[in-house]
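Common to both upcoming complexes is chain A, partnered first by chain B, then by chain C.
Let's turn to the complex of A and B:
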């Protein structure tokens, strides 16, 4: 379709405007992370870019103290960073393994036909509406503030995404290939392990990254089920203020930048499959 | 269980181990495949639901040292439910949640639709702009909360760029706190609408569009008569997804305003959180949670059967 020059100009105007709106808050946080203390507020005038760029904020959250700052931190970022990584990865493993196996059984053997919908229901309810029994249970089995307790709940809440995403990938594998292999004498397990899984490998990777993003992004569950040892990045970020008394804008921004990087990178990597993942496979791109 | 044993094609049923037999029997292997998921579901759905129902009829709180299974000692004949129905704070929180939903979701929808329309045709730089557009929804919601917390400070950039004084507060103002939260939500989730709606738009056969164009249809006519009707399912999916997620809204609000000032931005989730950790009214939270669960389930079933009819 041909568009006139003026229509094109108009289009660019709106696209640029939208991009500016998208980038405004982002840019502010990123530059804030590199600003020294006096440039945080309007008191001494705001600028878009740091006048005296500094690593001080990052230094502070990694070492607990930084040059020229009187205050110091009793907890550095390392603990929460490790907690976030460990729980997100383990949660992803649980979700992807269970989701892959069960969706394969549903697609190929027609088992548990009610599973897709009941799994989907898990996503319908606000987590807080069902958290009381979960918290009681977690306390009962001693899973509060442990890496496996948080991983377990992560695995469960992201299972629907893994299940539905893998379901659509399995549905795309032609059943003839599997039949051919079985006629040749392969067992069901071998067909699954040696033929189907390699075919859906890219899908599996997408699914894992997608679920990882969701787990990494969680704030509420970690807030409810951890106390000290396994506090994750977002919770740590939010508690920084109250712990320090003052508003540590620069440090919080630095933390925000660190927390934001993995999902954005992974998200852009799996851009092609985002629609499929977010709509539970109802739509493909 | 090694691979080698499974390649055995001449295995005799008597000499095969249990797992070898399973590997040769499709449905049986399927059973083992489904089992972990079923166990997880049972673990997270059936037992907790029963516990929630049980606790919702008691005064149980974790404070008094009664273990949860002995909560019958403080049985209260459904007084929690009566308390909920007459609790203005609960209805207020529910109303504010719905308010955010009915403002933010349509705004996201129209903005997303307009953006998607801009991205239908190829143009130089489309890929880069597309990536930029998608970024907000990939950022951790808590971080988005932080970003807008920084923006809306009295001494922050929004006031500075709009030329407003530092006393002009956003997050601690009775009316503007809600507006700030809604703006943040729109910023983060318009990209999701954009993404889904664009996928739907690109699914409209381009030859149909071209034909309509050749026949002299204006852009607007083409949009309304050709694109929209073919996007019906996509639009419903996008709206339902956003509405469901929007109802859960917590991270943004909690980081930006903690539900304040007062209860001005207290949504259902924030309210439940405060009841859980501030007041330790766990039985009451269980009551509300269960009621929400039932209400949403009824809505979901109604919605599904309505969709099935169409």
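Let's turn to the complex of A and C:
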């Protein structure tokens, strides 16, 4: 199709506009992370880029104090960083493994036909609506402020998402490909992990990334189910206030930059799959 | 190599009966075609033979042994699927070696057999490439090679040629015939193309709406269809089949066609129509090549008069569309004597004509 120059210009204008809206806060976060204290506290002279770039903010959240700052932190980023990584990864594993196995059973074996809808019901109301009973339960089984307690709730809350996503991917796999492997003599289990899983690998990677991002960015569940030991990054970020300095925006920005690294790295790692999507060249209808 | 006995097999999906009480006996080394229109239950039948689906009723035996309890991996079946079902995430080599690896064949043996099969299918130059990069024609060859390499006791092919272009299809048809001789395998071949079935198979099973309509050698089916469906389905161009009411007046039996014309029945076909007194509406069948023009050749041949509407070239001959009132007859203009618009007499030889009961579709007075 041939497009006129003005249409192209219009298209690029909107692309740029959308990018600007999305990227503006990101840019602000990154630049602020490198501004020294006076530059992010000043009211009069806010600048786009740091005048005197510094590692001060990063130093502060990693060591609890920094040169040139009078305030200090009783808690550095290392604990919350580990807590976030552990609980997000474990929660993602739970959701992806359970979601993959159960959706495969539903799609391929026609089992539990009511499962898709009942799983969806888990997402029909905000998790907060059931958080009080969950908190009671978690307290009862001693899961509050533990890595497994938080991982478990992450797994449960993101399971519907993983289930539905994997379900659509499995539905795309032609049953004949599995039949071909079965005729060759493979057991059901072998067909699943040697044929089906490799075929849906791009879908699996995409699913894992999205679930990980959901877990990684959670604030509410961690706020309610952790107290001290397993406080995660988002909750920790909210505590970055001091009586003297008020909101510590520079530190928060530095924390934001660090928190953005895992999802971005993960995303880059599976970029090939994300872009490719699912194509099944064998199926010629 | 095995013989196969399909005994009163029925398959239901919920309330829907996909395969309805089918029985077919297939001898060792035979090439049998399952022929029928799309959706008639051919693939379902194949899946049951392969053991991918269980029959709701009836049994399928290999060499008179029930395979009900035999595990898939011990059945040793080659299955070429309708859509090829190539493992696109693997290389061509891995596709070919897959069945052998599952069967734990030795490494050097696998390599030898993969090479030989790739040569046989002329895809050797593609062995290291991903299977997803193959063309449709190559995928077809790979699908056949992948199934043949394990030397299965029976070989099932589900519409293997239906996605190919005409040229390659003719080539593959010949190739399959050669392959079958090489393997000497019992083969079941599904197709909706009657020419394919006719030219390849030792025997043809014609299926319609899950029911077996006829099972026999191609020529027997062609010459002696047991019902209206088979008569209509087999043969190219199709048999003329005209429907009407039977009327008897002063000893003369006539078929009053729904289009307004009539056929004065005589000879064998008259006997056939009268063989069952309960039949009141019938279908008269005659193949285009049996109709003739000019002089009447036998006493009880039936004379008709029709207008030449269209003349169509079919190979060296011309096919004439003859309009008799609202009814159209197809006939070969064997002596190149007709012109469009002519009103000509033509004859339906009684001995070559067939009689069917219109209600049940059953052949009347068949041999």
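Here is the rule we use: the second predicted complex is superposed on the first by the 233 of 285 C-alpha atoms of A that agree within 3 Å, B and C clash if a C-alpha of one lies under 4 Å from a C-alpha of the other, contacts with A are read in each partner's own complex, and residues count from 1 in each chain.
Please note the rule applied: contacts are C-beta pairs under 8 Å (C-beta built on N, C-alpha and C of every residue); 3 or more make two chains touch, one makes a residue touch a chain.
Predicted model only: the values in this text are computed from it and were never measured.
> Of the two partners chain B and chain C, which one touches more residues belonging to chain A?
Touched residues of chain A are more numerous for B.
> Quick one: is A:97 in contact with chain B, with chain C, with both, or with neither? Answer first, second, both or neither.
In the superposition, A:97 touches chain B alone.
> Let me test your reading of the model: by the given contact rule, A:114 touches which partner, first (chain B), second (chain C), both or neither?
neither
> Is A:227 in contact with chain B, with chain C, with both, or with neither (first, second, both, neither)?
Neither partner.
> Should A:187 be classified as contacting the first partner (chain B), the second (chain C), both, or neither?
both
> In the overlaid three-chain picture, which partner chain does A:6 touch, first (chain B) or second (chain C), both, or neither?
In the superposed model, A:6 contacts neither chain B nor chain C.
> If I apply the document's touch criterion, which positions on chain A are contacted by chain B in one structure and by chain C in the other?
In chain A, positions 185-187, 190, 279, 282-285 sit in both the chain B and chain C interfaces.
> Going by the contact rule at the top, pick out the chain B residues touching chain A in the complex.
3, 6-7, 9, 20, 22-27, 29-31, 33-34, 36-38, 40-41, 43-45, 47-49, 51-52, 55, 62, 68, 114-115, 118, 121, 123, 125, 129, 131-144, 146-148, 150-151, 153, 155-157, 159-160, 166, 187, 191-192, 195-196, 199-200, 202, 209-210, 213, 233-234, 237-238, 241, 244, 247-248, 250-251, 254-255, 268-269, 272-273, 276, 282, 285-286, 288-290, 292-293, 296-297, 300
> Under the touch definition given earlier, write down the residues of chain A that touch chain B in their complex.
Residues of chain A touching chain B: 1, 3, 8, 11-12, 14-15, 18-19, 21-26, 28-29, 32, 41-43, 46, 94, 97-99, 101-102, 104-106, 108-109, 111-112, 115, 118-119, 121-137, 139-140, 155-156, 159, 163, 185-190, 192-193, 213, 216-217, 219-220, 223-224, 233-234, 237-238, 247, 249, 252-253, 256, 259-260, 263-264, 266-268, 271, 274-275, 278-279, 282-285.
> What does chain C use to touch chain A in their complex?
47, 50, 52, 72-74, 77-79, 81-89, 98-99, 102-103, 131-133, 136, 139, 146-147, 150, 163
> Spell out the part of chain A that touches chain C in their complex, as residue ranges.
Those residues of chain A that touch chain C are 174, 176-177, 179-187, 190, 195, 198-199, 201, 279-285.
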